[in-house]
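Structures follow.
Each of the two complexes below includes subunit A, the first together with subunit B, the second together with subunit C.
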Partner chain A sequence: MVEYPEIDRYSSLDSPMHRFDPRAKLIAFTILIFSIVLLPNLKLALIGLLASILFLIASKLPLRFALQHIKWVFLFVVPFIIIMPFTVNGTEIFSFYGLTMTYEGLEYGILVAVRAISAVILVLPMIATTRFDITIKALAKLKMPNMLVQMFMFTYRYIFVFVVEFQRTWRAMAARGFKLKTNVYALKTIGKALGTLFVRSYERGERVYQALRSRGYTGSPKTLVVFKMHVLDYILAGTIIGFAVSLHIIPLYLHS
Partner chain B sequence: MVHISDGILSLPVLAAGWAIAIALIAVALWWSKKKGNIDEEIPKLSVMTAAFFVASLIHIPVGPTSAHFILNGLVGVTLGILALPAIFIGVVLQAVLFQHGGITTIGINTVNMGIPALIAFCIFKWGNKRGMMLTRKDLSAGIFGALAGGVAVFLAVVFTAFSLILSGKEAFSAVAILLTVAHIPIIVIEAIVTGSIVVFLLRVKPELIGGLGGDEK
Partner chain C sequence: MKREAITVRNLSYSYPDGTKALEDVNLEVYEGERIALVGPNGAGKTTFMLHLNGTLRGTEGQVEIFGKSVDTMRREEIVKEVGLVFQDPDDQLFMPTLFDDIAFGPINQGLKEYEVRERVEKAISSLGLSGYEDRSPHHLSFGEKKKASLAAVIAMEPRILVLDEPTANLDPRSRTELIGIINELNEREGITMVIATHDVNAIPELADRIYALNRTIIETGTPHEIFFDGKLLKQNNLDVPDVFKLFEVLRCFGFNCEKLPLSLDEAISGLTTVIETEGGHIHLHIHEHTHEGVKEWRNKYGHHVPK
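Let's turn to the complex of A and B:
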């Protein structure tokens, strides 16, 4: 019914991506994602896709796990691959019943798909190779505003609590014969179940705050994780960022 | 599907999304800081954000496929202006934990869901004030809760369609239309569920309605 976020399930493996400093990893891969997403032509995008796959292989994450996370993007990308060939004007490939498939449209549809898939693949070596709470702490070290950092920490932590809580509510409903259908009665019942979840979480939120206060919470988190950049981190980050930038610069020289 | 993936939108749309999102979040946090003790709000706000996040993981069968709740209208009705940071956190976590939506599109997706949430908040507050005079409290809350929930999703879809069309490719409009049509059943479902949640909250925990940092405490 509701699944756990298990993005950092394999964060305890050992690979070059796992050893990469979390701060440098976030910055380098974010730049690379932006770079690939903005590539204007298919050849460059395919180079980007190839690089993304190589980073994924280097991260040693199991293929099954990777595919489970990558598959969602297809839902968004498939309509583009199907529709774009028929709606972009250009050289005709073939036409039937007034629908014209164009070469330009097909290329553009594939370009969108390749960029989207590369970006999703890159999220895995970036996020799935570090424990998520450490990723949040890396964000704090990268000067993300304190309020947002704390919201990330609390929210992430309580997602697990509420998944369990909702599963329990759901089991209780199922035990009393409730079946999920798309009708007004079922939707209203779900509404009430969710309402209960919200009321409970609000009350829990108040208790959490009181408990935190009594232990000296002042709004600024202390962290026990120590980050240290090594030479290899600098080299790896430099290489990734250099590659990201050159994807945009080299074509300029090739054309002139 | 209201969260757009990476690789589709153009640079100006992405940049505008980030700029508007950051500005709105900064205003929301500044405003609630001015109004009261934000340290006290943060744990509560986060716990509510987590609850909304979990609710958005629930899949509902719609015809041959399934859809998940968006609930941005409810986030607006309950959190008020603090809906913006809450939705931002939700969008980021959806992108990095489940790969729904993208990294570069975090800004625009926050805007596309956040602004409709604020509009839903206004509709609910405005309508309920008038509605309560005319009819029963429950009925009015149910009607305007449902309206807020439906409108929030509808606007989120419209905003998303516009971000696609603004990205320059005239050909995106076909995808935008498809997206809008596909969401009609979801708008109805969200309206019913939001309405029933609002009525429930009004009976059980009325202080949850009207913004955590709001004035109706």
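Let's turn to the complex of A and C:
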């Protein structure tokens, strides 16, 4: 069996996040993500992070699965935490070899990191708690442009076919003794294999299009889907959006 | 006389890169008939099939569906008459779930929602895929995907079904199931079938008539007519069913029957007749021509002759 990169592997669990209407979920969490990413100070961002973690816990997604996805942001965030403290001017904490670490810089680096991590954590209760095809349908229902919806749909379907084809090619190469090294020969071979893969994908694209046309495709694949908002969906969505907005409004009152 | 479901006249086609894939193809298929299209790899079977629903248009010639030229038919009209099942199910199944995929055709036909649901339900149950509605294609086995792509096409209720190598790469059980399903669709719904296949063992159960294609139509006839034509088989690298080969060998050992069987069913009835007429048993023995006969038989199929 092939290992697929499935974001919706745990979409069949049961939790308040899983039961949340997919459309309301998409809208509410998108607003919350934007709200947190735009927060101006660290205290508020930490409240945002705490909230994100609570939503993740409420989604009952396995920790291992969640960490697998969250770990990637660290790669992007770590440079900020290291560089920022030395590049922002402000109160000196210490300095060596002419590099000065500032309190403001440190705070700013951590702020960037906290915002990014919160955002990625929130993506999980938003996307990983719904079957991906239903997320796509929810996007369509939310009047996302048809072109984009189709792109999501085809990508979602064919990324798996592509993964299988790539693994097949890779195994065929390995079976004949190919080892990945950084020499010209290895790079050339990989180039050729990728070339073959692209040609194959192109040919597949042509056949898929023929098959679509053979079933009366005229430009917009339509699906049947029934979404129904319940009172709880309105309440949950209202709460999340309310929280997102108040993160920005409350500080205004506290300052004045 | 039955109506002609498909009429092809002087069809030629070259791919844009100049490959001449079809040349002066002539063929007719009658309503309710089951046709096997045989020919070696690269013979143009797939190319030909893409002409039957107007996906490809011949550089020359005519394709008519129930007397109407596909050139004058609207896309929706053709798609309603001719259902095309592609060889690779991954080309055909593109929706995130099985339900969506099967509903895709009926929705495009402009059916009402409840009709679409009925069609999907019916197609899914007639292929034994109930319970798989929400699965995505990458969670189906190859055999299931193959069935799913057939379901996706029969949900559109076409009068003609065109299948490109439906039994290729299937495990024996899925293969038998699929052959049964195809025949049932033909019997119960009267669907006309055109089936491209290399699976010679399936042909006697799957086809009333064979067209041998190699860029152009070489011969047509019932399975018996084609499989008994040794010269034709040899010239076109066509194989014959294993049962037929076995009984040819038995004949070298003195087995005496009028018409060599092509399928197990025919073998059973043939054996029964022979045993009954010869007093309750069959008689096999090695006689003066046996070795020579077997050698000839090996030569005929190009088998390696061991010392």
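The rule is simple: the second predicted complex is superposed on the first by the 253 of 256 C-alpha atoms of A that agree within 3 Å, B and C clash if a C-alpha of one lies under 4 Å from a C-alpha of the other, contacts with A are read in each partner's own complex, and residues count from 1 in each chain.
One rule holds for everything that comes next: a residue touches a chain if its C-beta (ideal position, glycine included) is under 8 Å from a C-beta of that chain, and two chains touch if they have at least 3 such contacts.
Small disclaimer: the values here were computed from a predicted structure and weren't measured.
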Clash-or-fit label for the pair subunit B, subunit C on subunit A: fit
Which superposed partner A:Arg64 touches (first subunit B, second subunit C, both, neither): neither
If touched residues of subunit A are counted for subunit B and for subunit C, the larger one: B
Touching partner for A:Lys143 - first (subunit B), second (subunit C), both, neither: neither
Partner chain(s) touched by A:Arg215 [first = subunit B, second = subunit C, both, neither]: second
Subunit B versus subunit C as contact partner of A:Lys192, first or second or both or neither: first
Contacts of A:Arg131 with subunit B and subunit C, given as first, second, both or neither: second
Which superposed partner A:Lys179 touches (first subunit B, second subunit C, both, neither): neither
Touched partner set for A:Gly105, first subunit B, second subunit C, both or neither: first
Subunit B versus subunit C as contact partner of A:Phe154, first or second or both or neither: both
Touched partner set for A:Lys228, first subunit B, second subunit C, both or neither: neither
Least Cα gap, in Å, left between subunit B and subunit C after the two complexes are fitted on chain A: 9
Residues of subunit A that lie at the interface with subunit B and also at the interface with subunit C: 132, 153-154, 156-158, 161, 204, 208, 212, 217-218
Subunit B residues touching subunit A - in the complex, by the definition given at the top: 1, 4-8, 11, 14, 25, 29, 38-40, 42-55, 57-62, 78, 85-86, 88-90, 92-93, 95-100, 102-104, 169-171, 173-175, 178-179, 185, 189, 192-197, 200-201, 204-205, 208
Complex interface listing, subunit C residues touching subunit A: 50, 53, 55, 75-76, 79, 83-84, 86, 88, 90-97, 100, 103-105, 107-109, 113, 116-117, 134, 136-138, 152-153, 156
Of subunit A, residues touching subunit C in the complex: 4, 131-133, 136, 153-154, 156-158, 160-161, 164, 204, 207-208, 210-218, 221-224
Subunit A residues within the subunit B interface of the complex: 1-3, 5, 7, 30, 33-34, 36-38, 69-70, 72-73, 75-77, 79-80, 83-84, 86-88, 105, 108, 112-120, 123, 127, 132, 135, 145, 147-148, 150-159, 161-163, 166, 180-182, 184, 187-188, 190-192, 194-199, 201-202, 204-206, 208-209, 212, 217-219
